[in-house]
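See the structures that follow.
Below, subunit A partners subunit B and then partners subunit C, in two separate complexes.
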Partner chain A sequence: MADYIKFVDVTKCDGCRACMVACKNWNDLPEEPQDFSGSYQSHEKVTANTWNVLTFNEHQRSDGNFEWLFRHQSCLHCVEAACEKACPEDAISHTKFGSVVIDADKCVGCGYCVQGCTFDVVELATYKDKYGKEYRKAQKCDLCTSRLEEGLKPACVTACHTDCLIYDEKDTVLAEAEKRLAVVKERFPNANIYNPQGIKGTTSVYLLADKPSVYGLPENPKVPLSQIVWKDYAQPLGKALFGVTTMAVVGAVISTAINKEKGGHEGGQDHE
Partner chain B sequence: MEMNVTRRQFLKLSGAVAATLAVVELGFDEKKARAESSDFKIAKLKPTPTICPYCAVGCGILVYSTEDDVVYTEGDPDHPINEGKLCSKGTTVRQVYTSEKRVTKPRYRAPGSDKWEEVDWDFALDKVAKNIIETRDRTFIQKENGITVNRTDSIAYLGGAALDNEECHLLQKLFRAGLGLTYIEHQARI
Partner chain C sequence: MTNHWNDLQHANVLMIIGANPAENHPISFRWITKAKENGGKLISVDPRYTRTSQMADMYGQLRSGTDIAFIGGMINYVLENELYHKEYVANYTNAAYLVTDTYSFEDGMFSGYDEGKRSYDKTKWAFKTDEDGKVLTDPTLKDPNCVFQLMKKHFSRYDVDTVVGVTGTDKKMYLDICKTYGSTGEVGKAGTILYAMGTTQHTVGTQNIRSYAILQLLLGNIGIQGGGVNALRGESNVQGSTDFGLLYNNVTGYMKTPEATEVDSTYQGFLDRITPKAGYWVNTPKFYTSMLKSFYGDNATKENEFGYHYIPKLSAGKNYSFMRLFDAMYRGELEGLLLFGSNPAVGGPNARQEKESLSNLKWMVAVDLFETETSSFWQKEAGADPASIQTEVIFLPACASFEKEGSVTNSGRWMQYRWQAIKPKGESKADLEIVHMLARKLKDYYKNSSNPADLPMKAMTWDYGEHDHPDIDLVCREINGYDMKTKKQVKGFGDLKDDGSTCSGNWIYCGFYPEEGNLSKRRDSTNEGMSNFLNWSYAWPANRRILYNRASADLNGKAWSKDRVGIEWNALEGKWMGHDVPDFVVTKGPDDPTFKDPFIMIAGGKGAIYSTGLNEGPLPEHYEPFENPMLNSFSSVQFNPAVQFGEKEMNPQGDVSKYPIVATTYRLSEHWQSGAMTRSLPGLAELVPHMFVEISEELAKEKGIKNKDKIFVSSARGEIEAYAMVTKRFKPYKLKDKTVHQIGMPWHFGYKGIAIGATANHLTPHIGDANSSIPEYKAFLCDVRRA
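On to the complex of A and B.
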């Protein structure tokens, strides 16, 4: 299967927010009413129940002109995902579609992924069980993995009417991205394709109209070395040690049993 | 130490080793089949095509519904107008059915009253019909400056985008030819 990626061309976005509604609609996410904050932007950022937000960035260019920059903000599905590295329960993993998904059954709501996320898109949602006890689960965009499995595109992409959002084969999309970049360079000299290689690229690639920092994105994100060491070395080692300990304990129990048996049958001949 | 292992002991020992390995296998092979995604929520549901009730563009929408609920709505990819796309308002169309704020019964606020009360359809339709005919008869102008006009300026009619051509034709007949309205407008032109 060819690799598929999502492409967000913010220069084509007209700020209609259909992607936000489509996301809530498909994922059955509850409403989160907000107070007016002086901007057209509806929510401050993505939350556990609002998996994508259209940011309205009122930006003054270097030539003094005003630019209203939109960005479809949601999980970028990093190839090297900090949230996955941070998760102590292995609840976060990559699917065959490259999407980073959270297994709600495994998630214990510790919030390490919230702290670890490079783009600040994971948050904890609070739920109540049938006894009224509160528990928490990390939630974020899953690139509509259940739709991808059925051959459909993510809900946000389906709704987008300006082709700002595309979901297609990786090579096709990246070629299209280069083509569009050449077109918008004239109007946006700082335009760039945001597919940070520090995290080995993302499954959701942006064409930004200005520098990443203008959109609040890190210029060259990396997964902290400590997290990689923790996940790729410390945890497997700890588990291996746990396995060794288990074997040792089980072995000891068995050998004790055998020794006892020997003692019963052979009358103390086990001592040399 | 010399180990005199009998056949029985050997079997026990190898069993224990196998069991230990099985524990290791179950507990630590986390790479395998862990990326489980949630169920496909519109599986086995047959979509019903409809037209968006909001603006005049008339986008096509597919409604995925169960016996008693609307599960999902999205743009109809086969519809020539929107080709599967929708705006944010059209995307909310599921809430026309699912919202708790939806009004499901006719409501009436009597003259001078400060609250709405639920009434039955007979009452509501009778009331509307009575008020229309009373207003129309009271304000009907047959002649103006010697010219026959047969009209009333006191009632206006506003059509919505969900109306199709045939419905618009019937409504024109009723309001323009039947009742003599001149203020007939459609949301599409506003």
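On to the complex of A and C.
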């Protein structure tokens, strides 16, 4: 099977937010109305129940030009996914589509993935069991893997009327992306294709109209070495030696260390 | 639309003015994006930088209510720099027509004004004719009394500096826009103008559109693929509504409603009055009689003037439009009101006053999906005292579009049939069912009456089935029309007769349902050329996709551009052929003297640069809105002299000294109209949960307002409280001699539903356009302060 990717050409987005409605509709996510944000943006960022958010950024460029920058914000589905590395329960994995998914049965709601995520996308949702006891599960966009399995495109892509969102064969899309980039450079000199190689690329690739930092995205994200060591070496070894429970405790300690190493989230979500 | 949605992709330049399609007609951007990918340039002209402006290549800011100044300046630029399409203007428009000497224009006033009546004697503006009534022309366009020279003189006053001093547009940007849009005057190029309620909802709304039409005729942009004057209708079927005579002053197919006058006292007298001597409208009697036959069937006979006397007549000169109905309610002159999907307590101008007027009704029936602010106007939460309101209010639950079958006609005049997707909820019914049941009850109620006043109800045919659910197919067949004897479907409006042998409920739709079936159900997406999709649905008239498409070809009948072929004269076949249904007599060839007259609906066949049709003059002239921040720079006439005033108490006027800020209202992608549907949908309420007012950073600083603060906005009509959205997307205007601020706000909000908030229309004035009476929602004065 050829590799497919989701491509987001933000210069084609007209900010209609059909992608947000389509996502909630398909994934049966509850509404979470927010206090007045002071801008057109509905949520500060994606949450456990709002898997994509259209960001609106009133950006005064240094050359004096004004741009109202829109971005469809959702999981980028990193090839080297920090959330997956952070998970002590192997609940997070890559599917054959390249989508990064969370197995709700395995997820214990520890929140390491929330801390670990390079793009501040994963969040914990709180549910109640039949006895009224609260429990938590990590949630985020899964690229509509349930649709991909049926040969359908992600719900957000289907809803998009300007082809700002497309889902197609990777090689074709990336080649087209380069052509698009050349076209939009005239208006957006800082435009770039955001497919960070420090995490071996993403399955959801952006054409951004300005530098990543303008959108609150890290310029050169990497999965911290400690996280890789933890997941790929310490965990398998530790589980063998000390058992799963002990390793979860160790994990908490390491997770704190990882956060320090990351120095918090760069820039945060830049919106009005 | 003269053109249609898919056709937008063919434009070289698109100018969006008085519209915000990225937010209010999002799907249009599928085609606008394609135009851009093909190298097209997009211009957005708006008081506020919108989502459309962000998609555009150029953004021109203009103060609300100054469209004519803006376009007048463009017309002047095009004329001065000779960017216009010379062959087109000379041959396809009335530029060469000579105007009588009684025409004059001085200091903002045309000749023939009657101050007492606030109206003009339009005969003073007539064309000069010879003894046979033929219009005199000067093909060289040099006669000082020809339309071209009069227009040139008129718009020469719209020089760039005066214009930007009125509109507040950045001068350099304005010139760039003039140049870019003016480039479409080049032979073979196409420019399109898209507009919506930002254009129409002004006291000069109709003249705003006239100014677009003139600019488009000058640039040769009418009748061609990728051109046109394109109204983006504000509701999925508003095109259908107006087509079917929903306005008081016309019946179906844009024919006039009779008046209670001596002339109209006989059918023949009425027909003689409304039927022009030339142009396609000479067929009016065929269409009118066929309509009467559809209303009254066998009860419409030659002897009883085809039932003409059954139709209600308007009191001569009386205005029955939306605001005047509320004036009448205010005065207690109306007993009852039927509201179908209408929410004036949120959507009407000076909405609080309109809401108060409802309590003077004896009864009101509201048909809607949800209980609205209007249907609950008597409740405590509406600020009313239920005990003191005597109005009997009946609420009928209606079902949504997905729960019923029928057609909608989109802005591109495509009548698209839709099928029921899900069963209606509860007891809700389709509008058609509700009207059907009501009509059957009424007919039954009056069936034994001998009162002559009840004759129209008795004479009316209502043969759509004997059950509560009507047979919609019978309705469709009647709209198209059939032969009264054979009952065979009529092929097209060319076959309609004035002798009572045919019926047709709406002549412009005649042809959508021939013997072979209902063509609005067609879904063949084959592109046979120029994306006209002739086998997808049905476009009125006659399945024509681009109106006036004869003008897409040159004087010899060849396309102006081989990339833009509408129809062409095929000498071998002896007919017009191409990618569209010809808007011309198919076999009319170069030997015919009217071969070069593309505008077949107009007497003379020439596009109207100059028109005696509108009430305030034959050429558009800038007047300030009812409430305005400055003196008129173009003349000493401040306000449109042909606007009629309604009930004074309904329309208090604010002055700039007390209300120095210009305001406008608009819609958002996420909500729709008065919000009656969208504010009750959780998914949409989540996206825009709060009422807000957009204000510039500069105004916020002046007033000590921070983003997210609660503020009060007040006008002469009332005051509302809402959140301040401080934004870079509004900027103060630097006008001729002062700086003026503008704010804007969505008009979607009310107190019912999930997302609730203050109603913007508590602020808007109760005055409207001099021709259409549409309210001036889009420009008024206010003040703001921190709450």
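Keep in mind that, in the parts below, the second predicted complex is superposed on the first by the 240 of 272 C-alpha atoms of A that agree within 3 Å, B and C clash if a C-alpha of one lies under 4 Å from a C-alpha of the other, contacts with A are read in each partner's own complex, and residues count from 1 in each chain.
Just so we're on the same page, a contact is a pair of C-beta atoms (placed from the backbone, for glycine too) under 8 Å apart; a residue touches a chain by one contact, two chains touch by 3 or more.
Computed from a prediction, not measured in an experiment: that's the story for all the values here.
**Q** Classify the contacts of A:Ala175 with the two partner chains as first (subunit B alone), second (subunit C alone), both, or neither.
**A** neither
**Q** What is the contact status of A:Val229 with respect to subunit B (first) and subunit C (second): first, second, both, or neither?
**A** A:Val229 sits against neither subunit B nor subunit C.
**Q** Between subunit B and subunit C, whom does A:Met20 touch in the aligned arrangement: first, second, both, or neither?
**A** A:Met20: touches subunit B and subunit C.
**Q** First (subunit B), second (subunit C), both or neither: which does A:Ala159 touch?
**A** It touches subunit B, and subunit C stays clear.
**Q** Between subunit B and subunit C, pick out the one touching the greater number of residues of subunit A.
**A** Larger number of subunit A residues touched: B.
**Q** Counting only touches as set out at the top, which of subunit B and subunit C does A:Gln60 meet: first, second, both, neither?
**A** In the superposition, A:Gln60 contacts subunit C only.
**Q** After lining up the shared chain so the two structures overlap, which partner does A:Phe36 touch, if you call subunit B first and subunit C second: first, second, both or neither?
**A** Touch partner of A:Phe36: subunit C, not subunit B.
**Q** Considering only touches as defined above, state whether A:Glu150 meets subunit B (first), subunit C (second), both or neither.
**A** first
**Q** State whether A:Val101 touches subunit B only (first), subunit C only (second), both chains, or neither.
**A** Touch partner of A:Val101: subunit B, not subunit C.
**Q** Which subunit A residues lie in the overlap of the subunit B contact set and the subunit C contact set?
**A** 16-18, 20-21, 25, 161, 272
**Q** Once bound in the complex, which stretches of subunit C touch subunit A?
**A** 22-23, 26-27, 29-30, 33, 49, 51-55, 57, 669-670, 682-690, 692, 707-708, 723, 725-729, 754-755
**Q** Which stretch or stretches of subunit A touch subunit B in the complex?
**A** Interface residues on subunit A, with respect to subunit B: 16-18, 20-22, 25-26, 28, 90, 93-96, 101, 103, 106, 142, 145-147, 149-150, 155, 158-161, 239-240, 242-243, 246-247, 250-251, 254-255, 257-258, 261-262, 272.
**Q** Give every residue of subunit B touching subunit A within the complex, in rising order.
**A** These residues of subunit B touch subunit A: 1-2, 9, 12-13, 16-17, 19-20, 23-24, 27-28, 30, 34-41, 43, 72-75, 82, 84-88, 90-92, 94.
**Q** For the complex, give me every residue of subunit A touching subunit C.
**A** Residues in contact with subunit C: 12, 14-18, 20-21, 24-25, 31-40, 42, 58, 60, 66-68, 70, 161-163, 187, 272.
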